[in-house]
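The two complexes that follow have subunit A in common; it is paired with subunit B in the first and with subunit C in the second.
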Partner chain A sequence: MELNLFAAAAVLLVAVATFSIGFRASRLASTTQDFLVARRRVRSRRNAAAVSGEYLSAASFLGVAGLVLKDGANALWYPIGFTAGYLALLLFVAAPLRRSGAYTLPDFVEARLSSRVLRWFATVFVVFIGILYLVPQLQSAGLTISSILPMPSWFGAVLVAVLVMINVFGGGMRAITLVQAFQYWLKLCAIAVPTFVMCALFFGGGGFHGPGLAQPQSPRFTADTTVTVRTPVLLTVQEPVHLSADGTLDGAAAEGPVFWGGGTHKVDAGTTLRFTKDSPVPVVAGAPADNATWLKPVTGSQDVWATYSLMFALFLGTMGLPHVLVRFYTNPDGGAARRTTLHVMLLLSLFYLFPMLLGALSRLYVPELLVTGQTDAAVLLLPGKIASGTLGQVLGAVTAAGAFAAFLSTSSGLLVSVSGVLSTDLLPGRVRDFRVATTIASAVPLALAIVLHPSDVSMSVGLSFALAASTFCPVLVLGIWWRRLTWVGALLGMLTGGGLVLTALVLNVVSRYTGSQPPWFVVQPALVTVPIAFAVVVLGSKATKAKVPPDVNRIRLRMHAPDKLGFIRDRDVARFGTAEERARLADGRHRK
Partner chain B sequence: MSKHAAGNGTPSFEPPVEQPKPRRKRVVLADARAPVTVLRTVVELEEQTSYGEQLVRGLIREQLQTALRVAIPISVIFLAIPALLYFLPRLNDVTFAGVHLPWLLLGVMPFPLMFGAAYWFNHKAESHERAFVDMVEH
Partner chain C sequence: MSTTEEQPTGGAPNAPDWQIVQASDDFAQLRRRLRNFVFPMTALFLVWYLLYVLLADYAHGFMATKLIGNFNVGLLLGLLQFVSTFLITWLYVRYANRRLDPIADKIRDELEGGAR
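Entry: the complex of A and B
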């Protein structure tokens, strides 16, 4: 794609701002507690902005609008679920998790269940999940950067990885707290301002000139359009369409005019399709083909089950994401953790208004994305279609800057989470060890991101939340509220839940090769795997009653007693603090 | 007297200085600011006497009930939406000001609803904790 100067400048500005904020904040960081949990002194408002900044990844910034464009009303469950996840976190996890005094998820598991084995297992799992999430972040950063700058796709991945590594290396949690809070507001502006301008243009111009979304037909091309298919797709054609093609269609070579009647058609990679203005848009198989279906959230009983399963994954998955939880340890106390969560819900609700609007607008203006199925580009391409000339380019640059910030903030959270676990569980946990861990934890995913093909590691948002909901979620919820949890039960539950979701992942990949549409419980297994994981944890614990830790009452008191009584014992201070800090800790902090 | 009321149900009334792990530098009786009753109940909580344990259990149960009182109605509302639209497909075509009902139900309604629920829970949880601290201290 041609060099978009505005976009290049915007990305550069975000990179410089990120670096300089991180650099300034890093100068305050000197101890292990700074690097792990920012000394637990982050105020709830700033922490809420940082949590939201970290949470609004590219899947939210670009993905939600793309899903609305493709799946319509059904996709609205994503923003709902992303926000509801924090409601569940607030209700069941936030305050007790902070009061447990843990500094990583493996540390919480050990504090609650006194098991080194389980701690070690949780470490492996956190690192695995962290890398599994980091690789796609870096890869999609590469793809996004290469679509706005004339650079190969590894360039974007390296840029993001290096920037994030410098920040985390310099100041750990202390540095990225400020950076992530800044990036939340940046992302909000980067999506709100273009949305307002585009809505003004849209309504100022008297709405859309052509068949609107309320017409029960397929979307229409707004101009003569050429689409190049890069990965093989299966298209659903609802209304017969004339087009001209160059490449392979339905397994046969095609060149020149083609007529497609209703049905499905297979298009191979490297094929170019040319459509004329106002012809109906063929849609990737599996997505609603016409606007009437697109407007409805539920069209069959399969849809109902799939929706319930998605709800399970999203509602319960957020609390099991290690890189989200790592931010909660930075709250000063349990009450502050609750206030942070409440505030996060407000910030997220505000943000998600805009991708939903943009998704609906892009159904009118960029329907050609439905042909390739790469609908994530909608937010980046829409401004150029609605606003012409320089204004369009500037707005496009603003959304590109927001997307870049999304990659940076999510990757930095993941990197801190993985580095913290690596440095405290595999290394002695000094600042130097944290830095070594940071280097490893950014180099390995970067290498994987460059070597692997994007489709090898791409896991849908729904599946990654299902994985979190089926592993850490049962352990956290039962660990906090159920006295008789044992480490054996927790381990069995995590293995079962994680194993089932990974099986579903493999089945999905297999069905992509065989071309058959997998059933809903393979696409989104949470409705099955989460209850099974909970059941296994409970049964496993009941079968090993003798393993209930002897100090369970003390831990429960610590997790649930009000902050004012001073029962919080920060385990990072106990392990890494100076003699003076430890002495103060032993006295408690009763504040009368 | 309140200081004895707080000690009901414990086997013996030991002065707080005789904790199981006495620390030399902390001479509690000399600390005029620390009311004895506070320490006694806090120590009971920490030592897991049956009275202290009951107090904590009560608090945990109360907080869990509050959480469920929010979680269950919200889940029922969300679980009802797909079922409702499946069994009454006519609802899909209802429009308000040009926007279809499902889009309002999914795109607008959930966010204030969830925030309101979260606000209520936060308020309740904090007031339970304040009441607990008051009970322990007086």
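Entry: the complex of A and C
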């Protein structure tokens, strides 16, 4: 890829700005104190911006547009699900969990069911979900860097991992409200401004000169295009196309002109394909091949199940994500938590309008991404195609900077919560281990990011939502609303749900390598795994009635009593945060 | 972790009172009102989401009806999903402020009155 100096400068600027705000803020107040202070002072509007800032990850910034480009109207479910997850969180868990005084999911299960074994397993799942969520962040960082600098994609992943690690070591960029709120507005501007400019250029130029999006035909290449296939891909060819190829097609060596009739064709890694201007674009198998199908929300019964399953995962998984719940504790009470959620939804919906528009524009201007299926690059490449010269480069720089902000904020938040949990609960010898834990928590996802197939960002994020929905959702919902839950039932349910999703994940990875198309319940397992997990929790609890905690009534009263009764108590805050912060806090512990 | 098992003290009402609170009609009513809103509303919007997917799959003609340019009924309903999610949240916030908080206040008043 060519060097884009503007983009390199913009990315550098974002990194510096984030660091300096983070470090200055962390000098003013440690995060633990920030939580304490913030609990009384943060306005719900700023808090909502912070929640959204932490939540909008690579999947939102790059992934949504990429999926719209590939799957069309079907992909609308991702932003809707990402938003609706907060509604489920608000209706079922936010207020009772806030009143229970538990800061994290392991805290909650231990407080509700008083079992250290269960706490340990919950911690393992928190770490696992965190790592699974970090992998796509790092992969998209690699994608972003390789599209603005002449560097291989692993370089970007290493760069972000190292940056985030330094950041966390230095204590900057904790869940500091100000930084996260800043990140939200940065990301919003970085996607909104280029979208407005590109739309102005698009409509100012009299629209697109070529087949529109409603035509029942394939998208067309806008110029002579060379595509290099890096991972084996199966292509659907709807309209016959002439091309020239260099490499392996359908298992045989190919060099020179090739004619593809309709049907599917297999292209091996390392193959170069050359298409001429206006020839129809072959698309990766499984994605709608022509624009009219693309515009239809659902096609085929496989799709119906996959869509239901996805909705289920996103809707029920949000409540189980480690970096989402914690943010709700900066609300002073249930009323403020409700107002914050309302604002979060407004801010998220506002943001998601732009990736959807960009995805639709990409279908016209960068259809070549459909050939490799690596559609996550759409947001980054689109500006250079619509606007020429310096303007295109500047717009590209702005979107790259926004994407970079997304990786930095989400990965920092995740890394802090994962390594905090690792060092306090899983590693022995607590104090010195925070750094060790941070190193482990960033090295493992980095290795996975480099080794694993860079499948669509939103898809892998979808799987981590499925994992959260199949492990923590049953325990949370039943823990809050069902008196007879026991720790044995909860443990069995978590293990069953988690095991099933992990099996699906492994099958999914394997099928990516073999190039076959797995059935819907492997791609999106939540619709199957969540009900099974619920059933196992209920049956397991019924079978172990004797293990219902004796103080269940008291705990339940505290969770369901109205805030104003004063039953909210803040849990042992010192458990939370880095070793240094805990030590610091221990000095001035009694805050009355 | 032992802290969770402590009785609520400090700003909280006196300890024995919460047995009474739990048994009181007001508390039962509070929980009933919460349940009466949360569960039907969840069912309602799940049905609305699922219905959309079904319509999209089996009512192509209807969903492809063009409104303005290429903007069809399917896309309109899709965008309305955002609106409806937001609307339900707004309704819940309003409901909580109007129907749940007053009872909470009432319970608190009675408790404090009794404690004095």
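Keep this in mind: the second predicted complex is superposed on the first by the 492 of 592 C-alpha atoms of A that agree within 3 Å, B and C clash if a C-alpha of one lies under 4 Å from a C-alpha of the other, contacts with A are read in each partner's own complex, and residues count from 1 in each chain.
Here, a residue touches a chain if its C-beta (ideal position, glycine included) is under 8 Å from a C-beta of that chain, and two chains touch if they have at least 3 such contacts.
Given the structure is predicted, the values throughout are model-derived calculations rather than measurements.
K.L.:
After the overlay on subunit A, what do you see for subunit B versus subunit C, clash or fit?
P.N.:
They clash.
K.L.:
Looking at the overlay, does A:Ala111 come into contact with subunit B only (first), subunit C only (second), both, or neither?
P.N.:
Only subunit C is touched by A:Ala111; subunit B is not.
K.L.:
Using the touch definition from the top, say if A:Val304 reaches subunit B (first), subunit C (second), both or neither.
P.N.:
both
K.L.:
With the two structures laid over each other on chain A, which partner does A:Arg339 touch: subunit B (first), subunit C (second), both, or neither?
P.N.:
A:Arg339 contacts both subunit B and subunit C.
K.L.:
Please work out whether A:Cys189 is in contact with subunit B alone, subunit C alone, both, or neither, and reply first, second, both or neither.
P.N.:
In the superposed model, A:Cys189 contacts neither subunit B nor subunit C.
K.L.:
Would you sort A:Met151 into first (subunit B), second (subunit C), both or neither based on which partner it touches?
P.N.:
neither
K.L.:
Given the touch rule stated above, what does A:Ala8 touch, subunit B (first), subunit C (second), both, or neither?
P.N.:
A:Ala8 sits against neither subunit B nor subunit C.
K.L.:
Jot down the residues of subunit A that show up as touching in both complexes, subunit B in one and subunit C in the other.
P.N.:
Looking at subunit A, the two contact sets intersect at 73, 76, 79-80, 83-84, 86-88, 90-92, 214, 295-298, 301, 303-304, 307-308, 311, 335, 338-339, 341-342, 345-346, 349, 352, 553-554, 557, 560-567, 592.
K.L.:
Of all residues in subunit A, which touch subunit C in the complex?
P.N.:
Per the touch definition, subunit A meets subunit C at residues 73, 76, 79-80, 83-84, 86-88, 90-92, 101-102, 110-111, 114, 212-214, 295-301, 303-304, 307-308, 311, 334-335, 338-339, 341-342, 345-346, 349, 352, 551, 553-554, 557-558, 560-567, 569, 571-572, 592.
K.L.:
Spell out the residues on subunit C that touch subunit A in their complex, using ranges where they run on.
P.N.:
For this pair, the touching residues of subunit C are 1, 3-5, 8, 10-13, 18, 21-22, 27, 30-31, 34, 38, 41-42, 45, 49-50, 52-54, 56-57, 60, 63-64, 70, 72, 74-75, 78-79, 81-82, 85-86, 88-90, 92-93, 96-97, 100-101, 103-105, 107-108, 111.
K.L.:
Could you please specify the touching residues of subunit B with respect to subunit A in the complex?
P.N.:
Within the complex, subunit B contacts subunit A at residues 23, 26, 33-35, 38, 42, 45-46, 48, 52-53, 56, 59-60, 63-64, 67, 70-71, 74-75, 78-79, 81-83, 85-86, 89, 92, 98, 100, 102-103, 106-107, 110-112, 114-115, 117-119, 121-122, 125-126, 129-130, 132-133, 136-137.
K.L.:
Considering only the defined contacts, which subunit A positions touch subunit B in the complex?
P.N.:
Counting only subunit A, the residues touching subunit B are 73, 76-77, 79-80, 83-84, 86-88, 90-92, 95, 214, 295-298, 301, 303-304, 307-308, 311, 315, 335, 338-339, 341-342, 345-346, 349, 352, 356, 481, 553-554, 556-557, 560-567, 586-587, 590, 592.
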